[in-house]
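Look for chain A in each of the two complexes below; its partner is chain B in the first and chain C in the second.
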Partner chain A sequence: MRKKNWRSVAKAETEFPPLEMALPMRLKGVIVSSSPHELSGASLSSYHLSWGLALLPAVAGALFLWRLESFVLLVAGILTAILAEGLCCRIRGLPLRITNGHAALMGCLMALTLPSGAPPWLACAGAAFGILIGQEAFGGNGFYFLHPALAGRLFVYLSWPNYFHRTPIKADFPLTLPDIWHGIGLASVNDFLFRPGHLNGEASAALLVLGAVFLLGQGMKWRIPVGALLLVGLGTRLGDGSHVWFHGDIRQVLCMPSLYFLIVFLSTDPLTTPLAHGGQWVFGLSLGALVALLRGMGGDPEGLFVLPLAISLVTPLLDRLGDRRR
Partner chain B sequence: MKLTSGEILTKGFFSENPLIRGIAGLCPLLALSTTLREAALISAALVAVLLATNLTVSLIRAFLGAHYRLTLFIIVAAIYTALAQAAAHALWGVLAMRLGIFLPLLAVNEIVLGRAGAFARHQTAGHSAVDALGIGLGFSGLMIAMSFLRELLGLGTVWGFPILGEKWHSHAATGFALPFGAFLAVGLGLGFLGKVRRHA
Partner chain C sequence: MKRILQGRPFRGGIPLSKEPAWQAPIETVPVPNWVVVPLLAHDGRTLKPAVQKGSKVKAGDLLAEDQVALLAPISGRVAAIEPLPHLTGFRVPSVRIERLDEKEAFEPTRDFRRLGQGELLKTVWGKGLNLPPIPERAVEVLVVTGFHDDPYSAGAQRLVLEFSDTIRAGLEILQRLYACQRVLIAVEPRPARAFTAWKQVVKAMENIALVSVSGLFPQAEEDILLSTILPRRVLKDLVDDAGCALIVEAESIFLLAEAMIWRHPVLERLITVSGSGISSPRNLRVRIGTPLSAVLSFCGVEPESLGKVVAGDAMRGWAQFDDRAGIGRETHSILLIKREDAEILREEPCLRCGWCLEACPHDLNPARLFKACRLEDWGVARAYGLEECSECGACAWTCPSHLKLVHGFRFAKKELEKRGEGRDRVPAS
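Showing the complex of A and B:
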C-alpha cells in the first residue's frame, strides 16, 4: 500500500480521470453528453424553449407595465448569464452550451425576481453570481443543487437590500372590468387579471397562470404547485383575520401574482426538486406551509424567495419517497 | 525523517498549512475575516500563543507523561492565551472586544494543540519555534488575504479606509461581509488553492 501523502494523492488524480470527465466533453473526437430521449424527442433545448414560452406572457406583461426599466433589466440579466456560462465553459475546455438556452432562462428568471425599477447592474450581479457560484462552481448544468436564479437573487438581496425596500414604480393596466362585474361579487377577478405586484415578473396573476397551464402540458412537476396551493389555502382559511395572509379570505391570496411566480416558476426546476412523486408532494406541501407561515406571521415578504432554496437542500432525501416514473 | 530549519519553516506556508491541508482553524478564519484589522489582531495573537506554547512544550517534553499530556498542553496554551488577551485588551481595547470569544478560544485552538502534540513534544526548542513561526505565518497569510478580499468586496474598505471612494463604499456587496460570505470566500479560496496544487 502506497504511503498516502498528498503528493501521491495528487498523482493519483492525474492517473485516473477526474470528475469532470463525467461532463459532456470532447474526448478524442467523441462527444459524451446526456442520453437522447428517442421517443418523446425531448432535449435540453426544447425543454428550455418551452420554459421560455411559458414565461412569455409574464415578460410581455412586465414590458407593457414598466417598459424600458423592465427591458433593460431583462437584457442585462440574460446577457450576463450567457456570458458567465460561456466563460466557464471556455475555461474548463467544454463545448459551448449556451445554445441550449439554460443560461438565458436563468438570467431571465433572475431579472424577473428583481423589483421593477432596480438598477441594471443589480441584474448583472445576480445573474453572474447565480451562474458562476450557484451553478458552475458545483459542476455546471446538471449538477447544481441550488436554483441558480434564486441563489443569485438571494445574494443580491442580502448584499444590496435597500433596493428591495424602495417604493416600487407605480404602474397599472389601463383596464378594469366593467362595474357590472363588481355588482355580482367578482371584484377579485379584476384583481386576478389586472393587479401587478412589485416585482418585475409579477405583472398579473392571470398571465402567470397562463404560463403555468402551458407548462403543465409540457410535463411540469405539477405535484409541487398543487401541494403548495393546498396548504397556502388551508393556512389562509385557518386564520383569524389578524394577520397579513391569515385573514380568512382565500380569494385575495389567489389573486397575488407573487404566489404563482414562486410556486410554479421558481419551485419546479427539474434539477433542484425531487424526481420521486412522494418527494414532490412533500416538497410542495412544505413549501405551501412555509409560505403561509411566512406571509402570515413573518415580517419580510422577501423571505419567500429563500423557501424553495431551503427545501431544495433536502431534495436528495425527498427523492427516496415513492415512485419515480412520470 | 530529518528536516532542516528552512524546510520546517516553509512547510507551514503551503504543504502543511493547517487551513489548506487540514481544514484546521476554520473557526477564527470564518468568524474574524470580516475586516483586515480583526484578522491582523487574531493572527498576531495566534502566532504569539503558538510560538510560546510550542517553545514551552518542547522545553518540558522530558516530563510529559502519556496520561496528562493533553491537559498540560491546554494549561500551557491557556496561560499564554490569557497573557495575549490581557495584552490585546491593554493595547487595542476596542478592537480586542470585537474579537469576542474567539480570542479566549485560542487556548483550545486546534492548530495550537495540534502543533504541540504532533511536533513540539518530539523536537528541540529551536525547531519548535521555527515550526510555530512557519505554521503561524501560513495561517496569517491566508487569514489576511481572505479578510482583505472580504473587506474590500463586502464593505468597500481596506483597513477601515474607503480607498476606492465613497461611491464604491456605499454600493459594496454586503453579502461578503455577512457570515455566509465567509463560507463562500473560504470555499472558493480552498477550491482555488486545490486547483493550483493539482497543476503544480
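Showing the complex of A and C:
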C-alpha cells in the first residue's frame, strides 16, 4: 500500500494536464507536445559526467601518489553509494537511477574527502550515511538540502575522529622544478604543482585547478568559488601576518590543494547552493570569510569541511537575495 | 557613414546549431487542389468573410477586410466557411477554397514610382502585404531582419542569395513608403555567402547599414532585436515613448518588390522544410493555405515515417496532428522529425543548476517560476514575472532535467486567462 502511495505522489508532481486538443489525430502516431521541440541534449547523466571528468585529474593524482590505498577507498565509496541509492529506489518503488551517475559521484567525492590511508570501511560508512540519511531520507537526488558527501564525511569524522588526526601516509611527487625556479622567487610554483595535502583528493593544487577550469566551461556556479577566493585572499592579506586572526602568506594559501577542493568541488553542488546570482555571491563571500576566520582562529582544520554544510542551511534565505521577483 | 555596424550582446540566449538549410535552392510547389485560409486578423481577431459559400473567387480576390487584406490564394470555388483545423491545434473559422482550373491574371499596378505615399500604401495593403502600418511619428529607424535565429529557417538567407536585385528594389520602395531616416539590416556573419550578398545589396544605397548580430536564439524577438541593434539614442527615445522604430521581415521586402514591380498580389509564402524526417532541407514557395498533406507529398515524405510534425521553428513551433491544416501567413518553416528521433524525455527533479537563469533572455528565474506554476501558486508565479515570459523555450532547451518549463508556463497563463487575470493571448501560427 505504502509503495503505491509514493508512486502516485511522484506522478502527480511531474504531469500537467495536456494542452487543449480539439481534434482526432489525422497524422497517425505523431507526438504532440509543447515547444521547444529540440533540446540541448544535456541530461542528468551528462551533467554528472562532466563533474566526474572534472574530478578525474584529482583522482589520477591520488592514484599516482597513494596507489592501492586510494584505489580501495574510491571503489568502496562508489560501490556503497550506488548500492545505497539502489536499495532506496527499490524500497520506494522508483526506477533505478544508477545511470544518472549521481550516486557514483557522491561516493567518489566522499572517498576523496577522507585522509589517505583511512580504512576502506570508513568510506563505506560515510557513503552509506550520506546517501541514506543525507540524500534519500529527504527525497533523493533533487530534494536533499545537505551535500550527501559532506554529511557522510561529517558523520564519520564525528564518529571516528582518530583516523583523521593520524599522520597521513607520507607521499610526495618524485618531481620538483629545477633549482633555477627557486632562484627567481617562484618557489611557490613548485608547491602549487607538487605539494599534496593530507586528504585523498588533494594530490596537487594544479590538478584540482585543472578540473575547476573544466567545470567552469560546463556552467558551474562560478560565483561561489570566485567569491570565496576573493575573501580568503583578502583575509590572508589584510593583517599581513601581524594580527592573530589573519596570518599567513597568500602564496602559501593559494598553493593549498584543500582550498580548491573545498571551494570548488564541495561548495558548488547545485542543489544545496542558491539559484539567484546575488545569493551565490553571498554564499561564496561568506564561505571565504569563514574559511579565512577558521584558518586564523579555529582549532581544527577539519572544521573547514563543515562550512559549506552550515551555509547551505540558509540557502532558502540566500535565494531571496538578488531574486528576480517583480 | 559606416556600412557595417556591430550589434550589442544581449542577456541570456542559447547557441543553436544551425542546419545548412540555406544551401537549398527555392522551389515552387504546384498550386494545391484546395486551400484553407483562416479568417484571423494579425492580432488574433476573427474576421467577417467578404465571400459566401459557393461563390467563385479568383486568386488575389478579397476574402476578408483587415488592416492587411486577406486574399484568396488560388482561383476556385468557396467550398466551406466553417471552423477548420488550424496550425495552433484549435479549430478556427476558415474559408476553404477548391481549385477550378482557370488562368490566373492579376490587375496590373500603376508604376510605383509615380504613386504618392498614400496611394502606395493603399496598393501595398490591397496586395495583402504584411507590413506594419505607417505610424504618426516619423520613423527614425527601420529594422530589417535579414537572419533567422532558429536553425530550421533559411528564407532570409536564401532570398538574398537568389534575388538580391529584387531585395534592393524592395528596400528602395520601403524607404519611400515609410519615409524613414535610416534602415538597419540585422544580419548574421554566417553563412558568409549570405553576408556578402547583403553587403552587395546595400553597397550603392543611401542611409542604410548592416548590423552584424550574434544570431543567438532568440535574438529575432522584437524587443531583444531592437535593444541589440538600435543606436542608443534611438533606443532611449523608444523607452521615453518619443521615437519610432519598425521591424520588417526580409521576406516582406521581397514580396513588396514583387508586388510593386511584377504586380503579383501576395499569394505565396516561403517556407523551409527541414529536420531529420526529410533527406535534405528544402526551401519552398507555397500558396498560403496549402494543407500540410500537400507539402508533405511534394517533399516525398511518408507521413507514417514521421514522429513529429512541427509548424514553425523548433523552439516555438506547434506540433501538428492534423495534416489538413493550412500554411499560415506567418509560417516560415516546417520541421519534420522522424519516428525514431521523436521522443518525450522523462522529467527528472530540478537540480537547481541555474542554467535556465543564464539562458533566459528576459532575466526571469524559470526554475522558481516553474515551481510556482507546478504548485498552482498563481500569486507567486505572477510575482516572478510569468507574464514577461515570451515562451521562447531557451530555459527548457538548456535544462538537464528535461523539465517541461514552457509547457508549465503556458498552462499557468491559460489558467490565469480563465480567471480573467491574464493578458490576452494571440494565437500565432
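Please note the rule applied: the second predicted complex is superposed on the first by the 277 of 326 C-alpha atoms of A that agree within 3 Å, B and C clash if a C-alpha of one lies under 4 Å from a C-alpha of the other, contacts with A are read in each partner's own complex, and residues count from 1 in each chain.
FYI, contacts are C-beta pairs under 8 Å (C-beta built on N, C-alpha and C of every residue); 3 or more make two chains touch, one makes a residue touch a chain.
Remember, it's a predicted structure, so these values are computed and weren't measured experimentally.
A.B. asks: Have a look at where A:Phe143 lands relative to chain B and chain C in the superposition and call it first, second, both or neither.
C.D. replies: second
A.B. asks: I'd like to know which partner A:Asn100 touches here: chain B for first, chain C for second, both or neither.
C.D. replies: Second partner only.
A.B. asks: Of the two partner chains, chain B (first) and chain C (second), which one does A:Tyr47 touch, if any: first, second, both, or neither?
C.D. replies: The second partner, chain C, only.
A.B. asks: Determine, for the superposed model, which of the two partners chain B and chain C contacts more residues of chain A.
C.D. replies: It is C that touches the greater number of chain A residues.
A.B. asks: Kindly list the residues of chain A that each of chain B and chain C touches, one partner per complex.
C.D. replies: Dual-contact residues (chain A): 13-14.
A.B. asks: Of all residues in chain A, which touch chain B in the complex?
C.D. replies: 6, 10, 13-14, 125, 133, 137, 155, 158-161
A.B. asks: Under the stated contact criterion, what part of chain C meets chain A in this complex?
C.D. replies: Touch list, chain C to chain A: 14, 16, 85, 89-91, 151, 303-304, 306-310, 312, 314-324, 335, 337, 339, 342-355, 357-358, 363-365, 367-368, 374, 382-385, 388, 391, 393, 396-402, 404, 406-408, 410-411, 414.
A.B. asks: Which positions of chain A touch chain C when the two form their complex?
C.D. replies: Touch list, chain A to chain C: 13-14, 16-17, 19-23, 25-40, 42-44, 46-47, 100, 139-143, 219, 221, 270-271, 273, 275-277, 280, 319, 323-326.
A.B. asks: Write out the stretch or stretches of chain B touching chain A in their complex.
C.D. replies: Those residues of chain B that touch chain A are 15, 21, 171-176, 178, 180, 184, 187-188, 191, 197-198.
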